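Quick heads-up: structures coming right below.
Two complexes follow with chain A in common, the first pairing it with chain B and the second with chain C.
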Partner chain A sequence: MVKYIAQRVFYMILTLFIIASLTFFLMKLIPGTPFKMGEKMSDAQMEVMLEKYDLDKPVPVQYVSYMTNILKGDLGTSFQFGDAEVSELIGNRIGPSALLGFQALLVGSLIGTLLGIIGALKQNTWADYSSTFVAVLGKSIPSFVFAGLLQYYVGVKLGWFPVAFWKGPEYTVLPTIALAMFPIAITARFMRTEMIEVLSSDYITLAKAKGSSYFDIIFKHALRNALIPVITVLGPLAVSLMTGSLVIEKIFSVPGIGEQFVTSVQVNDYSVIMGTTLLFAFLFIMIILVVDILYGLIDPRIRLAGGKQ
Partner chain B sequence: MEHTEKISKDQFEPAIIDSKKSEEISKPSLNFWQDGWLRLRKNKGAVISLVVIILLTILALIGPMISNYEFDRQKTAHANLPPRIPVLENISWLPFDGMRTLNNGTQVNVYEQKDIEDYYWFGTDNLGRDQFSRVWKGTQISLYIAFLAAAIDMIIGVAFGVISGYFGGRIDTFMQRIIEILSGIPNLVVVILMILILEPGIISITIALTITGWVSMARVVRAQVLKLKGQEFVMASRTLGASHSKIMFKHLIPNLAGVIIINTMFTIPNAIFFEAFLSFIGLGLQEPLASLGTLIDAGFKTMRAFPYQMLIPAVVISVIMIAFNMIADGVRDALDPKMRD
Partner chain C sequence: MKKSKHTLLFILFLALSVFLAACGGGNEDAEKDNNKTGEESGGLADTQEITVLESAEIPSMDSVMAQDTVGFSMLNNVNEGLYRLDPEQNPVPGLVDGDPTVSEDGTVYTFKLRESQWSNGEPVTAHDFVYAWQRAIHPDTASPYGPYMMVGKIKGAKEAFESGDATKLAVKALSDLELEVTLEQPIPYMESLMAFPTFYPQNQKFVEEKGKDYAKNAENLLFNGPFKMTDWNGVTASSWTIEKNENYWDKDNVTLEKINYNVSKDPQAAANAFEAGEADVTPKLSTPAVIMQYEGDPRLVRWLEPTIFWLKFNQENEALANKNIRMALSLAFDKDAMVNDILQNGSLAANYAVPAEFVRHPETDADFREGNGDMNTYNPEEAKKHWEQGLKELGTDSLEFSLLSGDTETSKTLDTYIVDQLQNNLPGLKINLESVPFSVRLDRENNMDYDILHSGWGPDYLDPMTFSDLWITGGGNNKMAYSNAEYDKLINEANTTLANEPAARFQALQDAEKIFFEDAAIAPTYQRSANILVNDKLEGFTYHLVGPEYSWKFAKLNK
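Take a look at the complex of A and B:
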């Protein structure tokens, strides 16, 4: 186990290093200047600006200083957003993104689990078919399409919830629903399969035979074991939440990391793009690692030791 | 037991046990594909989806041609017209009568107001371009990118997986390290970075999608090759002196066809999603080209005033995504019943 974790952490660091280098060199290849008034500047002004941000130094020197700064937790300064520190800029925006992601994950996995249980208990009835239908919709319809429709019909037409911005709990409702669609779909499908398998196992028959109540059988015996493999979908779910957050924060004007990233991409703000990319990559790799380790710890039937995958 | 009748003995005759009969094959034997097709045919959702996809593909190909207007013809006098279709315009509950609901709730016929005789079946956008030809042109480009990306993913993934699994040893270890690192990078990040350097266009979007897209295919193929290469038919072929490439192409890849198709079917909707996603965050195709993503993005900006500009491409992309996902599920269940979830 220790050897396995050590190996995984080594690969994690290697991957992060490669991603950081890759983003750095790719950013150097991007055409256009990163400055707000780039086209209107004279050559002299441009030189001053380049010197200010150390962009006049040779690329290898920039690379070394960039990498050492990352190790110190310094992601550089933004070109566009009033010289703000990137780490500060991102830090200020983590709150809304994290809240939205957490709410979507919570709502998504609860509703998804419920739909999955219903599907498994009422197999091949209308309840099962409609829960499968919801799952297919959630998996297929792109989150931004769904978000746009929600915003128009529930926000504008019905006027039940605020359409955009971030001023209180009621403002989080629509973006949370939009973001939760994919988690609902994935958990529901997975839960249904697992529940069906668990419900047909011997220990459930035993529980029925000894006269446990229906409720006890479902929630105490079946659900607990069915939940274990669901941990494996946490990885894809986290990725979907990150991808979704980009567009959904843009649609609902949520002041989060995703919205910041989209804006930075549109105005060529290298340092913010690099910083956010690194943050996304780091989160992604951490989640995959934690999921793999958790899985081995929770379910002793799965052996991770020896590094054989 | 009132109706018990006595059946006379002479109605029975002893059956002759014919050992040849019991060995007889009563139904035609089916090969892998026939068997899979039989199973797929039973799956109503998959069959309907297949029909839907074929219809949409035909529409995407001929749609821009059957419309009276070019997809990039601008006519500002005809900007933001609501949909109007001959005949259907007389059915009041259908939204094809050229009526527009204003903010205060009154309905006006924009065509009569502006004195326009033309019929724009899906309306026009803010530059007066025909939405009907734009939507189908966009579908065409979205499908093209998706199929191209899926094909490239398939070629790279299969080649990588077969070589890695077949040769094993140090080659395998090295190739698996590459995959391990690549799969650690979120593909969202790679795709966005690639688009930032390459000018957005059909080819660059396709390339960006394939950079990490082939990894899952390579993994599945390698796992299957590891299982297959120890089997007797491969050993027999090698003993008879077949070259490595012959074993790979003649023996391994045909046996992998099932998993390859299943995996490709899941790649296509994924590629459609990413293309639309890129367009939506402003990294997609440039005007006047259209894809479903750029149309949704453009429609989204004017959604409150002209909802049909967003609604129609949104419905098209949703239908395509649902249909592809259902076909992919159906094909997987049909070709590999063990993988059913």
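Take a look at the complex of A and C:
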């Protein structure tokens, strides 16, 4: 097990290194200038600016100095935000995104699981159809439409929750609901399919024959096995939810990292692009490891490679 | 032509500003009165607190490093320089006490400063100006606006920037309250220039003491303006607060006690927040769909910005170096239909290169446009004639260009329309539309890597020169290989021999514009309008045409 984990960590570092290098060179291929004052600056001034940010040096030299700085823990400074430290930019922005993502994941997976179970148990009844309907809606309506409708009807018309901004827990309600639609849809669909399959398998029949209670069969035996594929999708979904959504953050004025990341790409804010990409990559790699470990906990049949056969 | 254009303008303004009482004087007055003077009301509200939405975070509160509208706007409200702009767009004394003494040749200004204080109680002195300006020009600071605003204007700026010796900048503190500034040549718009935040003072001791932390958040800033920032956590903050500054020299004329800011980047969301009563002022609304919901609503405040857009023709392209071809292209698309059917936000079809309602004749007070009128109107027949003539001169029967432009929804719709019109009106023309992000467009413009470019320009000071000197031969912003010796001569004269003769200088700049259009150097497209929602209880809402966007010093909340 220790050997396995050590191996995984080594590959994680290698993956991060490759991602960092690839992103760096790809980013340098994006055309455009990072200086929004570009059209007003004289050539002499442009030279001074390029020199200050080391952009006058050849790309390989920039690459080496960037990688060295990363090892020292220095992610550089932003062009877009007057020389602010990238670590600070990310640190201040990841919180709201992560909170919203977490809430949406929690709400989404719980409701989704419930809908999926209902759908599977009451197959082809009105309950099944309505849960499928909700899932299809959640999957097919773009989040900006849903967010806009929520904001207008629940925020402006009904006045139940604040329309936008980020000042307290009540401000997270509407963006969380908007963000949760997708995980609800995904979880419900997977859950329903898996549940139907698991319920028709031999061991469930056996459990029934042994006289286990209905509750036990569903929640102890069936659910545990049906959860495996759900967890597989939920892992990466969790990361993508917690790293922020451009649309939701823009509409609800959430100071999150998703919006900041997209803007940084649009304005060629190199160090912010790099820093955020590395963070996202790290989170994805971590979550994959966590998911792998979770598999073992849920289903003893899946033991990690290198474990006891 | 001229008459119909002005009638259109007038009708437009009447229709769009129904809530304004004073439109009787024609479009010239409409501009001035557009800054809301308020409705009849039952006195001041008990709590003088408002919420304003901004379209972006504040990237920098360091007046030397700021380069964006939100930053400039905030600086204008919490700090002050020699002058500030009033609701009528005129520079009025800020820290300057009385009129400056100006040398006979108009190049040496001595400003006497009034006694005033920083928010930490220290006096604001002439040394603070010298320090800030030297900091702005020093190459190590890498200020985006410093060199741009100073080189060619303040004496010694170029030398200071190139040598790294900021003391070469000709700005001196004669005493604690006397500031001497020497110019390269007389600047007729000196007062308006001095209202720009790059020329604000900074307290040396404070800036150096804070070092890297300076201007990082509200605690690491000093204020000397009508308001002070009481809450701002730095560049990532999506909300911040300013409150009335009790140390401000003119505090008796400041009514608002507190302004809360929130960032809202989505126009519909901003309008929703406004409807829900969560905001008193929205950012500029860019989406026609949102603006249309408020057409005719007194809360919609609209004004014509001096920002103008145009198609630039890169004359390094052999075909575009042909005047007839350029002339044909510039006459062959219907701009009125473009602004009325596509933009739908009160923008004007532009038939000129110096915007309307921006600058006035120093003596007659007539708008720049009144003298020069329309220089380039839609005329498909005329366009076709030039086109055929041009093709003959080039010895070909078809031409293909690429049009480089923005990638926003509005740009794409607009440019598709323009391409369509041009191709329909000019047989044998093929235009490939290239929609790219702003940063790419800037870069390719700088490298002159385009055939035709749809871009724009907004002014930084109240003078036609901010538009006129773009097109001098080899000018830093020309970037389309335009060159006309006669044009250069007029601009040069305006800058030198005519610098002390405002009327003659104005005439020279108008003449230069005529030459520019005889050459068909560009094809102007439209002059942009700003549209925002303002609570109708808010009186004295003040926007500006150059530099900082808003001043809250003059605003008050009614019952």
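General remarks:
Operating definition for what follows: the second predicted complex is superposed on the first by the 246 of 309 C-alpha atoms of A that agree within 3 Å, B and C clash if a C-alpha of one lies under 4 Å from a C-alpha of the other, contacts with A are read in each partner's own complex, and residues count from 1 in each chain.
One rule holds in what follows: a residue touches a chain if its C-beta (ideal position, glycine included) is under 8 Å from a C-beta of that chain, and two chains touch if they have at least 3 such contacts.
In this text the structure is predicted, and so the values were computed from the model without any measurement.
Aligning the two structures on chain A places chain B and chain C in clashing positions.
Judged by the touch definition given at the top, the superposed model places A:42 against chain C, while chain B stays out of reach. Residue contacts after overlaying the shared chain place A:219 against neither chain B nor chain C. Residue contacts after overlaying the shared chain place A:243 against chain B, while chain C stays out of touching range. After overlaying the two complexes on the shared chain, residue contacts for A:160 are found with neither chain B nor chain C.
When both complexes are overlaid on chain A, the residue A:203 reaches neither chain B nor chain C. Of the two partner chains placed by superposition, A:10 touches none, neither chain B nor chain C.
By the touch criterion defined above, A:273 lies against chain B but remains apart from chain C after alignment on the C-alpha atoms of chain A. When the two complexes are overlaid on their common chain A, residue A:148 makes contact with chain B and with chain C alike. Applying the stated contact rule after C-alpha superposition, one finds that A:281 touches chain B and leaves chain C untouched. Once the two complexes are overlaid on chain A, the chain A residues touched by chain B in the first and by chain C in the second are 148, 151-152, 156, 250-251, 266. Interface of chain B with chain A (complex): residues 180-181, 184-186, 188-189, 192-194, 196-197, 269, 273, 276-277, 280-283, 296, 300, 303-304, 307, 310, 314, 317-318, 321-322, 324-326, 341.
Residue ranges of chain A in contact with chain B, taken from their complex: 11-12, 14-15, 18-19, 22-23, 26-27, 29-30, 136-137, 139-142, 144-145, 148-149, 151-152, 156, 189-190, 193, 239, 242-243, 246-247, 250-251, 262, 265-266, 273, 277, 280-281, 284-285, 288. Chain A contributes residues 31-46, 48-49, 52, 78, 80-84, 88-89, 92-93, 148, 151-152, 155-156, 159, 162-167, 250-255, 259-260, 266-268 to its touches with chain C in the complex.
Those residues of chain C whose C-beta lies close enough to touch chain A in the complex are 57, 59-60, 62, 65-68, 139-140, 142, 144-145, 147-148, 151, 161-162, 215-216, 233-239, 262-266, 268-269, 272-273, 275-276, 278, 436-440, 442-446, 455, 460, 476-477, 479.
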